[in-house]
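Here's the structure, in structure tokens; my notes come after.
Residue numbering begins at 1 within each chain, and the chains themselves are lettered A, B, C, D and E in the order written.
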Amino acid sequence: MSSVPVSAYLTLALILFCIGLYGALTKRNTVIVLISIELMLNAVNINLVAFSKFGMIPSITGQVFALFAIAVAAAEAAVGLAILIALYRNKKTVNIDEMNDLKS
Amino acid sequence: MVQELLHSEAGLLNFVLFFILGVILLLVILGFVTYAILAERKVMGFMQLRYGPNQVGGPWGLLQTVADVLKLLIKEDTIPKLADKPLFILAPVFAFAPSFMVVATIPFTDKLQFADIGVGLLYYIAVSGLTTIGVVMAGWSSNNKFALLGGMRAAAQMISYEIPLVMSVLGVILLTGSLNLNEIVSAQENVWYILLQPIGFIVFFIASVAELNRIPFDLPEAENELIAGYFVEYSGFRWAFFMLSEYVYMFAMASLTTVLFLGGWLPLFSFLDFIPGAVWFALKFSLVIFILLWFRSTFPRIKADQLMEFGWKVLLPVALANIFLTAIIKSLF
Amino acid sequence: MSFLSILVFSPLLGILVLALLPKTQESLIKLVGFLATLPALVLALIAFGTEDLTKYDVVKEWIHFGSDASLYAIDYELGLNGFSLILIVLTAIVSTLAAIASIHIKKEWKGYFMLFLLLEIGMLGVFAAQNLVLFFIFFEITMIPMFFLIGKWGYFEKEKAAYSYLIYNGLGSAILLIVIMVLFARTGTANISDLAQLMAVEDANTPAPISESLKMGLAIALLIAFGVKLPIFPLHTWMLRVHVQAPPSVVMIHSGILLKIGAFGLIRFGFGIFPEQFKSMALLLAILGVVNLLYGAFLAFIQTDFKMVLAYSSISHMGIVLIGLGALNEAGIQGAIFQVVSHGLISALLFFLVGVFYERFQTSTIANLGGMAKGMPLASGFLLAGALASLGLPGMSGFVSEFMAFLGLFEVHPVVAAIGCIGIIMTAVYLLRAVLGMTYGKAGREFAGITDIKSVEFVPVLVLLALIVLIGVYPSVLSEPLQATLETIMLGLGG
Amino acid sequence: MDVDTLLSFEWGAMAPEFIILGVATILSIVDLFAPKHLDRKIFGWIGFAGILLALASLINLVGLEPISILYDTFRLDGFAKAFKILLLIGAALVMLLALSYKPKEGMEEYKGEFYYLLLAGLLGAMMMASSGDLITLFVGLELLSLSSYILAGIRKKHLPSNESAMKYVVNGGIATAFTLFGMSYVYGLTGTTNLIEMTNVLPTLANAQYIYILGIAFFMIFVGLSFKLATAPFHMWAPDVYQGAPTPVTAFLSVVSKTAGFVILIRILLTVFGNAFAGNSGVAAMTNFLVGMQDYIAFLAAATMIIGNVVALRQRNIKRMFAYSSIAHAGYLLVAVTALSSFMYDALWFYLGAYLFMNVGAFAVIQLLTQHTDNEDIGAFAGLYKRAPWLAVAMGVFILSLAGIPGTAGFIGKLNIFIGAFASNPAHYVLASIMIATTVISYFYYFGILTQMFFRPAAVEEVDGGKIRMPFGLGVALVICVVATIVFGLFPNIALDFFHTNFEGFADFLQ
Amino acid sequence: MELFNLYQNNYLIVVVFLCLGVILPVVALFLAKLLRPNVPSEAKYTTYESGNDPFNDSLVQFNVRYYIFALLFVIFDVETVFLYPWAVAYEKLGIFALIEMLIFVFMLLIGLVYAWKKKVLKWI
């Protein structure tokens, strides 16, 4: 039916996930880190939707799962940003390297 | 012909044909915009007991807007030195493209529709939200205080009213049980949703005015406060595209209002069905446009705090209440 | 409550009473602390007088892991045999005497005695436990109070000493725990006699198999675990610190009893559960014993501090225990056990005296104590007696044990035994050097105004000396109760 | 779904959740409309009462047969009940701590939120304990996580608190993404998110390629969940977050959150991966997937124990030290998971229970002291025995229990894990030896605290004579913790028998 | 197959519109570039501030409320993700869905009230 095989979606998702992971681990700006995390979560959504349509046993559950993942990702982003704002007020930076008050 | 085309296999040929059809629609819309601007000025003129444009292009100043566009076309284009150039150039495109994309799904009549996709309404809402990015981009890339402030305000307003807008159409979806715009129209065979969903309609209409950044919700571009809001640094055709996208949105939003609440191409009474659907649609559409213009000359601009609080504290709860009222009534009857 | 439970937990009563006392009542606290050790002593002596020890056995259901209640059960099992009974009596006696010696404690008597009594519970429990897990629990219970007793009431480097005590013993007990848990997990029981039976049978019916190599590994682990406690030569450094830094009353306990847990464990579990494996390690044990003996003796010779002399002498004397065990015959093992008891008494006596000196002179270096015989004739006399006992003068307990241990070893490995004999001579040399240096040596200080051993201090000295002599003259006071135990061990060893 | 089906569900099975949800909701509403001057402490007590009520209703449900409602998404089986009891007790104790939490600055306006966010987190954890579906598992996990993020940063004007929350969010986000990615593969292989259905589908997957994907999924999920457990490789957040977060929150993270993490780990591991096969070189050679993964889990467990205990040695900040200690304990628990013996459930359950009491107790003392002296250095403990002997003794008990000294619950817990590790075939000698060795290493820092408390004089004489005033709630929590730590150490069969008689070793786990 | 073609074609149209939406500005701007004059001067390229010389950095700090509105938007917008499928399938789901959604929206409302009460919705 589809000319695009499921492996293509999976590869795309994997690539996105890796980009996101790379960003989350290397970027200095917290906002970018949060966005990278969103990217990782969206990679998951691609996976889920691809599986739900073209998987071995297609079912709608994948899409439902994706919806939940989206909602949770949004909540996480919101919380993350809220905390970042609070931090910014006190520290005046969003640079993750400068968050080093906690050390032994 | 279009039906056959739609059922044939998707390919390059289809693409070309669709492209041509799309260009035709684009031209129609551009025509609409041209005359909508004229109409706006005219209507405002009448309401304010003056003539409005009447010098250029023969009677009633028919070519006034054309002249304006030409002027914009040959106007020198400046990009401020401090601006973030790539973003500055991209912003108008980002603002305009979604506005045109949303038109694709609107059913003008049961025949005259481009993309009949299952989730048409969702598509509209999702794509129209993208414009905010263009707005913020413009505000930020200009590197200008007014622009930035305007951009942020616009974004805040747009996202604030997006929610009541999105929620208000849920009543319609509940009644229809579909997101397909065609089905929504056909579900209004007997009664228009404006009657079944009065609250929803009111919320929707107010929110849509706010989304369009029109008076009384035109704060982001309040000339006398923020000079011109987020596009203060834009000139010439770049500026024109922001204006264009606003008017295209007006077109789209009026069409959507017609489709969702005014029964689309359906006649007012069934015995009037000898009049073609396109005419009905045009009539209803014009009515909506007229009301929008009417608003502009009647209402004062509201204050920023009132604007935001109205959206969150009044429209959103009302919209939520409407959803559940609808759901409960629906499951009762 | 059964007899043995009361015996083991009787000091608890003292702890509770102490908890209620105000902490400023010095003499009252000391009195209570002393009295609290008496019930255990009395009960232990009663038990010593009975013929049939099995009537004291206690078995109560306690913990079981997993859903099958009969498997993986750890019961609360206490019991006595000749060997453990002797050690319990020794514990009770030394504890009581150490409680008397604790009059020299200068601060926080309440906390001190509470921990002291807890320590006594641990020691009594270790010897009474009939099951490995219970043994381990009591074993660890001795560790914690010791840590505090050293760390709080010790001398200058007390914290360091407490830590090295903790870590070495922690490691030892960790290895022990591995052994115990492997045995428990793979057989489903922790009872010592059950285990001994299971190990003796080929292809025993256990939840998980135990291979021969595993057995060997466990035996070696056991040797290391108890070797730390004993201590065997390379693992001994912690013990020196403890001997020097801890308060003398605590060292009495430590040197007198705690070190013996190592020997007890080796004999009870090593020879009890893994006889085959230990048999194959016998020569190693004997060599280790000789090394210990010589190493301790040589280093004791060059010490300037009397405490250090005693510490190295402990190492040296523990070597004799190993020599006895390495002999693998009745005489040897009996010698080892005798040595355990005898050294317990002797070192308790010597450290008590050290405490007496320290109380008066705030020092224990030999040079500073020189010429003591003039100022403190009685104390010097006792010191000399203790030293003679320690170097194995016939008629005292040290002689019996050393004699038997070497007798045993000469039968099997005469060469090793001959080398070991050098150690005996060395012992005499370094002890006499130290003791004579203190008593008759050049006067290190003024002795005017120094009181000799007085009133209550006589009790421990005399009791201990009496016991030392008693064992020396009449060894069957120990060997009779030991008979049954020895037979069991010899049976396990196949001879 | 019509009304009849709706009513046919045994909603009573969800009673504890409903109670928590209701209390949290009511609190949040009342908080908004209650007058400003109202002391929000009352909320804490209401929350505490709510938790106790939920606990009572849960105990009421203990005897029932396993219930599965909402199309198998919500399961109330023995496993769920057993761990929910732990979660509720832990949350109740943490609530008591929170009631007595009065930081010097940064929490003025956020007292009410504190309590109901705690309840929300608890609700998430409880959902995790009894969900039979990946989606609900995930949502429960995130409810817990999100609540914890906010809780960690609830001292809005306190920089360390902000920072810890930020680090928590970033790490948590990455971990969530990992877990979810793994879950998406599992979904793709089975076409369902329901755990029960998965158990039916997974054994049929014998293709090497699928097994390979399943392996990736396993690692993704495991790595992601190791965040909640605070085990390697996702433990880095723990020290910072534990240090910066308010002390009751730290206690919450180390107890409730960790328990929930193990709950979800076991659910997923056993139902999903426990039923798959690794490799297909002939039918006879098929081994259980999970058994095939044992070595890797063992490696992570060992790494966790070593990292936790060794790095803890260097810490001067008491909360940071406890963070590493908590990492180490998670490592011990992983040993039980690795062994996969029949003792796994007992060991996990008992250890988590013991850990709950000893750790909350320790944090209660830490909270009291750090609040009192405003000093989180380990030196704050100096001379505690002089200043407050009973407090010092209580802390001593907790420390000994954490160090695994006999007579305390911690020892029995470790014993249980050892039995599991040694009784399984092949036995995990190396892993268990590492565990024992690292335990000995842990003596260094645990006894360091004891040294401070008992041996050292107080660093500075305090103005008010160094008297420490014990708030009521905290006192209650302390007493409960001490008693439980000792009682479960001396008579562990109280707990173990309860466990065995009521939950039957989770025989109903997979039905 | 028929349906699938229809499906694909419909989305093809969407793509077409996207292309058009992008092409139009590009073409128009290109045309304008050909036509318009270009007389650069320094003043033209300065930032416009109503005739005053620009001062300070333009990327000024914002009131935090902008961000908080953005956060609120994210939450509410995403929650509508759940409302849409619910509304579409409402007829089939029946009373349970209604109750569930009521609870869900009630929670959302609490969120709104929370923001309201915390004076977050107050625009300055």
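Note that in this section a residue touches a chain if its C-beta (ideal position, glycine included) is under 8 Å from a C-beta of that chain, and two chains touch if they have at least 3 such contacts.
This one's a predicted model, so the numbers in the text were calculated from it and none came from an experiment.
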| item | value |
| --- | --- |
| Reaching subunit D from subunit A through chains that touch each other, fewest steps | 1 |
| Each chain counted as touching subunit A and subunit E at once | D |
| Shared chain contacts [subunit B and subunit E, defined touch] | none |
| Comparison of C-D and D-E by number of C-beta pairs in contact, larger one | C-D |
| Far-end chain from subunit B, centres as C-alpha averages | C |
| Mean-CA-position distance for subunit D and subunit C (Å) | 43 |
| Subunit A-subunit B separation of Cα centroids, rounded to whole Å | 32 |
| Separation of mean Cα positions, subunit E and subunit D [Å, integer] | 40 |
| Chain centre separation in whole Å, for subunit E relative to subunit C (CA means) | 81 |
| Set of subunit C residues in contact with two or more other chains | none |
| In subunit A, residues with contacts to at least two other chains | 75, 82 |
| In contact (per the touch rule at the top): chain pairs | A-D, A-E, B-E, C-D, D-E |
| Of subunit D, residues touching subunit C in the complex | 342-343, 346, 385, 400, 405-407, 411-412, 415-416, 418-425, 427, 429, 432-433, 436-437, 439-440, 443-444, 447, 450-451, 454-455, 491-493, 496, 500, 504-505 |
| Residues of subunit A defined as touching subunit D within the complex | 10, 13, 17, 20-21, 24-25, 30, 33-34, 37, 40-41, 43-44, 47-48, 50-51, 55-59, 61-62, 64-65, 68-69, 72, 75-76, 79-80, 82-84, 86-87, 90-91, 96, 99, 101-102, 104 |
| Subunit E-touching residues of subunit B, taken from the complex the two chains share | 5-10, 14-15, 18-19, 22-23, 26, 72-82, 92-93, 96-101, 103-105, 114-117, 122-123, 140, 142-146, 148, 152, 155-156, 159-160, 162-163, 166-167, 170, 173-174, 177-179, 227, 232-233, 236-238, 240-241, 304-305, 307-309, 312-313, 316-317, 320, 323-324, 327-328, 330-331 |
| Parts of subunit D lying in touch with subunit E, wherever the complex brings them together | 1-3, 5-6, 25, 28-29, 32-33 |
| In the complex, subunit C residues that touch subunit D | 62-67, 72, 111, 133, 136-138, 140-141, 143-144, 147-148, 151-152, 158-159, 162-163, 166-167, 170-171, 174-175, 177-178, 181-182, 184-186, 207-208 |
